[in-house]
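Next up: the structures, one after another.
Across the two complexes that follow, chain A remains constant while its partner is chain B and subsequently chain C.
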Partner chain A sequence: MPYLGSEEVVKELRRALSNPNVQADRLRYKNYITKVIRYMTQGLDVSALFMDMVKASATVDIVQKKLVYLYMCTYASDKPDLALLAINTLRKDCADPNPMVRGLALRNMCNFRMPGMTEYIEQPIVAGLRDKASYVRRVAVLGCAKMHSLQPNTEIDGTIVNELYALLRDPDPVVVVNCLRALEEILKDEGGVVINKPIAHHLLNRMKDLDSWAQSEVLTFLLRYRPRSDDELFDILSLLDAFLLSSHAHVAVATLRLFLHLASAHPTVQADALLRTSAPLLATCGAASRELRFAGLCHVQQVMRSQPGLFGTHYKRFFCGYSEPSYIKFRKMEILVELVNDENVALVLEELRSYCTDVSPELAQAAIAAIGRIARTYSEKCLDILTGLLGLKQDHITSAVIQTFRDLVWFCPQSTAAVCQTVGACVDSPQDSEGKQALLWLLGEHGDQISSAPYVMEGYIDGLKTELSSAVKMELLTAAVKMFLCRPAETQDMLGRLLHYCIEEESDVCVRDRALLYYRLLQRGVEETRKVVTGPKSDPSMSVLTGRQEEPISEWDSTFNTLGPLAGCDLCPQTAATSAADQPSCRAENELLPESTDVTLSSPDDAEEEISLSLGPPLSHETFEKMWLDLETLHRQTLGFPRPRAAPDTLQAALQLVKIQTLAFTPGDTVPWKAYIYTRSTETLILAELLQGDQQAPGSDESLVVSVKQQPVNQHAIRGFPSRSVVYRVCFSQVNQTNYTFVVF
Partner chain B sequence: MIGGLFIYNHKGEVLISRVYRDDIGRNAVDAFRVNVIHARQQVRSPVTNIARTSFFHVKRSNIWLAAVTKQNVNAAMVFEFLYKMCDVMTAYFGKISEENIKNNFVLIYELLDEILDFGYPQNSETGALKTFITQQGIKSQHHTKEEQSQITSQVTGQIGWRREGIKYRRNELFLDVLESVNLLMSPQGQVLSAHVSGRVVMKSYLSGMPECKFGMNDKIVIDKQGKGGTTDDSGKSELGGSGKQSIAIDDCTFHQCVRLSKFDSERSISFIPPDGEYELMRYRTTKDIILPFRVIPLVREVGRTKLEVKVVIKSNFKPSLLAQKIEVRIPTPLNTSGVQVICMKGKAKYKASENAIVWKIKRMAGMKESQISAEIELLPTNDKKKWARPPISMNFEVPFAPSGLKVRYLKVFEPKLNYSDHDVIKWVRYIGRSGIYETRC
Partner chain C sequence: MPNHPVPVPSSVLAALKNKTIHLSAAKMIHSLFLVNASGDIFLEKHWKSVVSRSVCDYFFEALERATEPENVPPVIPTPHHYLINVLRHRIYFVAVIQSEVPPLFVIEFLHRVVDTFQDYFGVCTEAAIKDNVVVVYELLEEMLDNGFPLATESNILKELIKPPTILRTVVNTITGSTNVGEQLPTGQLSVVPWRRTGVKYTNNEAYFDVIEEIDAIIDKSGSTITAEIQGVIDACVKLTGMPDLTLSFMNPRLLDDVSFHPCVRFKRWEAERILSFIPPDGNFRLLSYHVSSQNLVAIPVYVKHNISFREGSSQGRFELTLGPKQTMGKAVESVLVSSQLPRGVLNANLNPSQGTYTFDPVTKLLSWDVGKINPQKLPSLKGSMSLQAGASKPDENPTINIQFKIQQLAISGLKVNRLDMYGEKYKPFKGIKYMTKAGKFQVRT
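What follows is the complex of A and B.
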């Protein structure tokens, strides 16, 4: 914050500081020094006073000394030549009989950020490492790290590293942890501090002497250690057991993370640890301070990814308090949605309903969306509530409800009839563009079931001139064309007007292009248009997929207790401690890749003549089943990799991208795992089954077996189908530590 | 680790800025102000990410404390660290306010220097810090030989939280059971959620290295003893309304000094306490909570321009006890034009700026009830928005523990010095306060 007349201020301060009268009066002198620091805090550049401040450092008053040191550390990099003048005083202080003075001087000397400092500080640091006062040793140990950060590219000094490793046995707990921190920074390029068996055991034994910050950090360092045997592992776990219930949330969570990591081969131990930690986690969610509550909620969400039932009985703890900040309310609602079951659904819905009328429109909309999520399982009750909300006639609520309807119809097609009836009866329409788009989509997609649809749409077409959002216009175009296909008589006239306006008068290029596209399509005839415009409707079998999967703990334990769960995780760099440990799983997947591509290469002829697949109209379950039973298996192949572990809807979306429709998956980790998929090629329908872990099928324990059937038979396409087992790796970069890797055929 | 710590006032002016690491530039101070303090919308999250730098903030009254880091750190730890920082500052100069921070800014810089080094927490126990930084720092040059040796012994001692050679003429200890009771009640009087979060705070002024043993009416312990045939000497409760003998604690956590292994095996709480004030344990209960007050709201809409509100509060504890500082906050719609209030007890006032009727009662005995009725006149509006009816909230303080927790004993043993358990003067106090105590209407 630059001040007006800042030069004046500096000049005045300099005059005062160099005034012998002021210098003689200690109190006044100190007051001026305080003033300098105050200006420095406010962002005023007072570096011009460096000389005067150096003079002030020669004093017996420790407080004054501290202030001057603070000043010098801030500006030393700007005035390196002047800072050298202060070094003599500092070095003298490093030999003071008072350990506090020694520590203070050493700490500040190390804080000077200027080149060439190393030669002055090396000797005092080495002396400090052997000081008899632990206060000085603490400072000296971190001083090593500071010295290294001054010259990051120089060779690492072996003697200092050895000395630091030796100091891990220091009686003072803070010295021990500081050693770990310093070594971690110095050895960063070599992968950080090495935690071998003696060090790990030593640290474990010292755990209870440490303060909570140190405990938390040591637990993170211990993630690097791999016990040799199960006996050792369980010894470590029982040593750490008490820390699962530590009074500090961060220690409890750090311990949990270490448990999950160490016991990755023992799922029962992991589950037990999660169960035991659920109490402290819940306590954190109810903590007095809201920030901690927020952190607690985020971690609960992560735990629920693997153990959805763990907090089921405590659902009331996630009801929102009126005065809580919205970031907490959002999280709580997300958790409530996950916790719904047959017993509590009524209460949870009642609770969510009361949030729908919240003063904050964002919160209200989130609550409505939450009800929409629950509606995928308990449609009837939720639809009642949502319909009731429309009656409130408030813009933001109406809009959110319509958007929720759209999502609901897509995910849960059996509710279409009820939704259409409600939408048809709803008189007032949403005002914001998101809501308009949702309504138009519903009208276009299910226009045949909403009797008033053409009239509502006509209203939009008439008001087109005042519409600002081009997204709404595009949606309107698509909806009008779809509606024309199912109710031509009522729509023809208005579609004509719409196309005319969009082509002739519209200034937005995208809208105009879309309109032209539809116009030319319609010129080719209705049937052609229908083929293009009516994409796949949502598949009723999708409802099978909506149930939340229980993810394996390994999916998230690497980000647990970092910034990851608290959103914004994509921006923060990965912790060094976990990076090494997390890599193998991805690498293992990478190693598998060549194998599967080999399959492609073995039939190079086919690869050249790329067969074209298309989605076509969806098959019903019955037809699929009938065909599957009738047809002979034409091809069976063992693929060299296990089943994809992504969430079903992601998988389904990815398959659709490569033009393969999904009929059904078996949920979760059930064995055998099966999936039925189908696709169309030139005049032939291809059906396939993916299978893993079936006792009868040989070779299916570890990897997937694919069986293919076809009608009518077309050998070329069949050979092409599995050989298309091109490997698509979809890495979801929004969660940067988690690499979902999966394979699509 | 923490790269820097900043303190701002409500306008976003920097009061304190301390940078610990090179990767945090001086512009970080401004980045937080512009993006968070001066941001137009509400605070989205207590963690803000700006240009690969994470800002963790905590607000105390109208002061913002922000910790900055470039590393992927343990968020809970940073927040707890900021709270600890607030505690330390409070211990030194009282309430955290702009004025106090400005007056003590030298002291705060000193503290920041000791608490963190290179961004790593070093020493955050107030008791231990006081040996390094004396109040206001003015006297710190006259360190006596004795104090110097104390520093060395304190930091090399086996027990990090207590220094050796403490002597008091009068061995005394104070136990405060501080509870905050939280409630969310439906208009029909159904408890939607209720829990008590409590703390046992101990002030110990004991000589030497005393070994303490703390006992309370924990259900698990009592049941165990009941089986053993010993009679429970804690007797009938003299506090609270119900006469229950033991309570079920959902979860509890302890100060570092408590031997957790012993707690796990025999459920006994034994420890060597730090000197001075500290928090011995934190716990939470959800079962059989004594709700000190019941709020019964009645809201009637008379036409479009009038509301009639009647609220009855009933105290539900022993008649001999007195609740204090009772405050009931009844929210009113935004378009309120005038309010007439009649209350039997205390004072009630309509506060237009807060959109609420605030009803204050200084004292109220147990098993009593009191009532307020108000007529709220509304301005006719064409705003179709329905009034969201925020809940009626309540504040109070009662001299018992709503969870039912009772201290049964606290025994002190110091074998090396010649004072026994009987010589120690012990004080116990129970305070139950309202946390978020809301009734929907």
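What follows is the complex of A and C.
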């Protein structure tokens, strides 16, 4: 680029432009002007030629005029005094018989960004607003906005505003939209253009004459309008209906946004609009342009926050193509995780498995993390895949798998045993610091279940001198102390060495302080240390059960069709929230909170009547059956909601977390659907049957009926019934994702 | 968990969160920068005040972070602006946005700009843009004013600014006239906004091209994982006056997700599945559609492959045979097979039964220009690959990308039944052409 030596170039051009011979030859003259423009667009400063260029504006050649205008607009603010010389030519052009010349001159005059222009352009603009050629009117209308921005602090000219409002009725559709655009800018301080009922309806009726850009903008302006009555609302919606299926994705999406906004009080209308737009949205996700595909995916992700089921059957559309850019693949994986259900889980996992060996380590790791997310619901299948990946012996894959295991164990305690077995058998260890931290956390937290844990850890303690990351050292300290608490004999010696090294030789202050802390803690006694160091081994909140819930549309419709979601600052709240919680080191606070191992259920109104449940030894099928037949039903209640449509694994895991054991389920959608569950409370065993769709039980067509039996009968529990019933909210994450209330007695 | 390829600086995030979401549509596109593959800005255009080139530094940062040129995220937030870019023909079109705008709007607009350039110059390359810099500026000036899209229909634009042709350049040079339309486009005054009035032709003709692109992923065993067809009907209508056309299909129910040119009367389509419209003058896209139900999509080619690597051996086997299927007797032409072989492959020694193949040992890209598939003698490519000595067996077999064309066939089975014209007296010449192309057609091995 000719940033250097620009003076030479400018000198030469000036010589040529001022040469009378060149000026006489129109073609040569124009060629030099083109050259100036070319240099200007390449970033060379040619403002020194201003005088010569102004002279060139006096010509009949429109292209040459355009070029000179372009030049003048660029440099006018630097040379205001010289630019004034050009104004006369421009004003003369504003009265040219050719509307094209009039428009051109007016537009460029308005583009001169220099103070004091207003007095020259006001009169031509006002004349232009009444011009008979729509081309000139279009330019003049926008000129009003430009004129205002030249002197932003002056008072708003009421006559111009009124004129613009009147021009909203112009026969030319572009003039109409330009009026909106100009008014919006002029009235910015007053909150923009006012959309009242007549204007709103006028715009709605003109919609079909507008080009797609204008449609999209008008739809955005209409967001300001609130219909007075439901009748009016539905009139508007039916006018807009066809635009939901516009061939331009941006119009379809803008219409959808307006629909969601207007129909905020009518959820069924909103749902219907989402359903109808799902086709154009999916089409955008498959568009030829990557950028459009990406934008489409981001919008789908937003819609899925409220309507996760909408795209379930189209999951194959979100499989990644080999040559797609990574930003699309990341989004697609995020979507796939949300779309998993009983039917497609095998296919989706197989697909994700094939991404795990992608050339790009980031993508491979994202795919592994995605499998880990699915594992929270379908642990067994995913664990097989993840274990298989460890066999590839690729550093980045091993590290990602170990990190995924850590998160999985935290969110999904029932997979602990399998994970521990795999980790114990895994030969090679991760090389990066995140992977090391994850492995150490697993070793420390579940050392009792991994037989080789102390030996693996010893390796890390021996290699401490070469370890660079202080985060790994901190994690190692915590893990070693935890391990000492559960396997003291094997760990005592190495813990001593570790603490000695960290206190005496470590240069990092944080690590040294942490080691000192543990050392002093251990001096207080093992039990004291245990109280402080150990914490819950899994996520104590029930987020594993809740999974993704349907969010109300109002949560996201304000950012729908805006830049936020695409720029990555409106990631799904879940991913944002869990990424913080995923780090075990962030859990330090949780770990310090003492928590009893039994879940304590307390009724909100009566603190005395606490019932604590525990799992206790499992019952055999025969014992359960015998007891069920022997005992009398103590209580029966219709719950008023249908059975959870979750996978049996999920349901079982969920109930286990609230200390309820499952004995048997009716598989799938069989009617009647039954489930037998049991739990133990203080000195009593509680058995229950859940039933739906049985002809004999009244009220069970639509909702669950629960029958409860108890052995031995706990008078305390019966006397206070039903106020004593403890309401427990269990939210099932799968398929229909609705809240379920479970009543446990 | 890596959620997003590009970590957004926290200061930017904070700035974005505080940004109030105003329902304003003002100031759409502030400036446009054109950046070439080597990261040089070679053209800039400002519709409002001049934005310094340094704003593109944020874009260059993202470009540096991206491993591949196409991995640059389309929306890049900066403290004061958003940068929205599209990559076409190895040129980044970077729009500078100062306030909240609908993203799809800007992306589609940028694509429209590129389409227009392509329409005007035939190709949209850096050289073509630099050669036609004057027309480029004229176009950008007409397409946007004050940052708002104005005239983007190629019909109307071509009347405002005549496209450069070699002949016209010569004529202009001799006569000294210019390539600016002397008259204003009359379309602006017509009752039908997309059609100008007073159109006159000596030969009245209407051509429709049904073009389908098939996107598919085929797995190892040859079964289809996903397949969908994206179709368009492009029209070239040169008819005198105000003709009113109706076009009907033999099997309109095939079409999913149809989207129309604004000229199509949507009510009529919903009720009768007939396309009724007053066409724009010249070239336009009448409709685009999808066919995605799995069972409806016929896969026109099959691949028999045997690509294997043995543990401990420095040789790998490579066998590939292509064949037509479900093509309704039409020939599969312009077949091009490409595949990214694993990193461990040093060289490939193959023997094509027809066409030529190349293997680039640096990029490991194998491409085989097959040409036409002859059903009697199926094309095959067989041979061996030599692997790096001592390297372990590659984890995964390569994916094969196939490109092909089939003339006179719409693979979805879509057929035009008839085309009628009302409103004018003359008899137009009508033509319909079908074509199927491979879009993203991949076979996993």
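Keep in mind that, in the parts below, the second predicted complex is superposed on the first by the 558 of 745 C-alpha atoms of A that agree within 3 Å, B and C clash if a C-alpha of one lies under 4 Å from a C-alpha of the other, contacts with A are read in each partner's own complex, and residues count from 1 in each chain.
Basically, a contact is a pair of C-beta atoms (placed from the backbone, for glycine too) under 8 Å apart; a residue touches a chain by one contact, two chains touch by 3 or more.
All values derive from a computational prediction rather than experimental measurement.
Q: When the two structures are laid over each other on chain A, do chain B and chain C clash or fit?
A: Aligned through their shared chain, the two binders clash on chain A.
Q: Under the stated touch criterion, which partner chain does A:G192 make contact with: chain B (first), chain C (second), both, or neither?
A: In the superposed model, A:G192 contacts chain C only, not chain B.
Q: After the superposition on A, what does A:E475 contact: first (chain B), second (chain C), both or neither?
A: So A:E475 meets neither chain B nor chain C here.
Q: Kindly classify A:L245 by the partners it touches after superposition: chain B alone (first), chain C alone (second), both, or neither?
A: A:L245: touches chain B and chain C.
Q: Of the two partner chains, chain B (first) and chain C (second), which one does A:E555 touch, if any: first, second, both, or neither?
A: A:E555 sits against neither chain B nor chain C.
Q: Looking at the overlay, does A:T220 come into contact with chain B only (first), chain C only (second), both, or neither?
A: Both: A:T220 reaches chain B and chain C.
Q: After the superposition on A, what does A:D131 contact: first (chain B), second (chain C), both or neither?
A: Neither: A:D131 stays clear of chain B and chain C.
Q: After lining up the shared chain so the two structures overlap, which partner does A:E445 touch, if you call chain B first and chain C second: first, second, both or neither?
A: neither
Q: Show which residues of chain A both chain B and chain C reach, each in its own complex.
A: Common to the two interfaces on chain A: residues 1, 34, 37-38, 41-43, 61-63, 66-67, 70, 74, 98-100, 107, 113, 133-135, 138-139, 142, 145-146, 172-174, 177-178, 181, 208-209, 211-214, 216, 220, 242, 245-250, 253-254, 279-280, 282-284, 286, 288-292, 294-296, 298-299, 316-317, 319, 321-323, 325-327, 351, 354, 357, 359-360, 392, 394, 561-564, 566-568, 571, 575.
Q: What residues on chain A touch chain C, complex-wise?
A: It comes out as residues 1, 26-27, 34, 37-38, 41-43, 61-64, 66-67, 70, 74, 98-100, 107, 113, 133-135, 138-139, 142, 145-146, 172-174, 177-178, 180-181, 184-185, 188, 192, 208-209, 211-214, 216-217, 220-221, 223-224, 242, 245-250, 253-254, 279-280, 282-284, 286, 288-292, 294-296, 298-299, 314, 316-317, 319, 321-323, 325-327, 330, 334, 351, 354, 357, 359-360, 362, 365-366, 369, 392, 394, 407, 558-559, 561-564, 566-569, 571, 575, 578-579, 582.
Q: Hey, which residues of chain B end up touching chain A in the complex?
A: Touching chain A from chain B are residues 1, 13-17, 19, 22, 26, 29-30, 42-49, 52, 54, 56-58, 70-77, 79-83, 105-106, 109-110, 113, 117-118, 120-125, 132, 137-138, 140-141, 143, 148, 151-152, 155-156, 158, 160, 180, 182, 184, 192-193, 195, 197, 250-251, 253-256, 260-261, 264, 281-282, 284, 384-386, 388, 390-391, 393, 435-436, 438, 440.
Q: Flag every residue of chain C that touches chain A in the complex, lowest number first.
A: Interface residues on chain C, with respect to chain A: 1-6, 8, 12-13, 16-17, 21, 23-27, 40-44, 46, 49-50, 53, 67-68, 70-77, 82, 84-88, 97, 100-105, 107-111, 130, 133-134, 137-138, 141, 145-146, 148-150, 152-153, 160, 173, 176, 178-184, 188-189, 193, 213, 215, 217, 225-226, 228, 230, 256-262, 266, 287-288, 290, 292, 343, 395-396, 399, 401, 439-440, 442, 444.
Q: Considering only the defined contacts, which chain A positions touch chain B in the complex?
A: The touching residues are 1, 34, 37-38, 41-43, 60-63, 66-67, 70, 74, 98-100, 107, 113, 132-135, 138-139, 142, 145-146, 149, 171-174, 177-178, 181, 208-214, 216, 220, 241-242, 245-250, 252-254, 279-280, 282-284, 286-292, 294-296, 298-299, 316-317, 319, 321-323, 325-327, 351, 354, 357-360, 392-394, 561-564, 566-568, 571-575.
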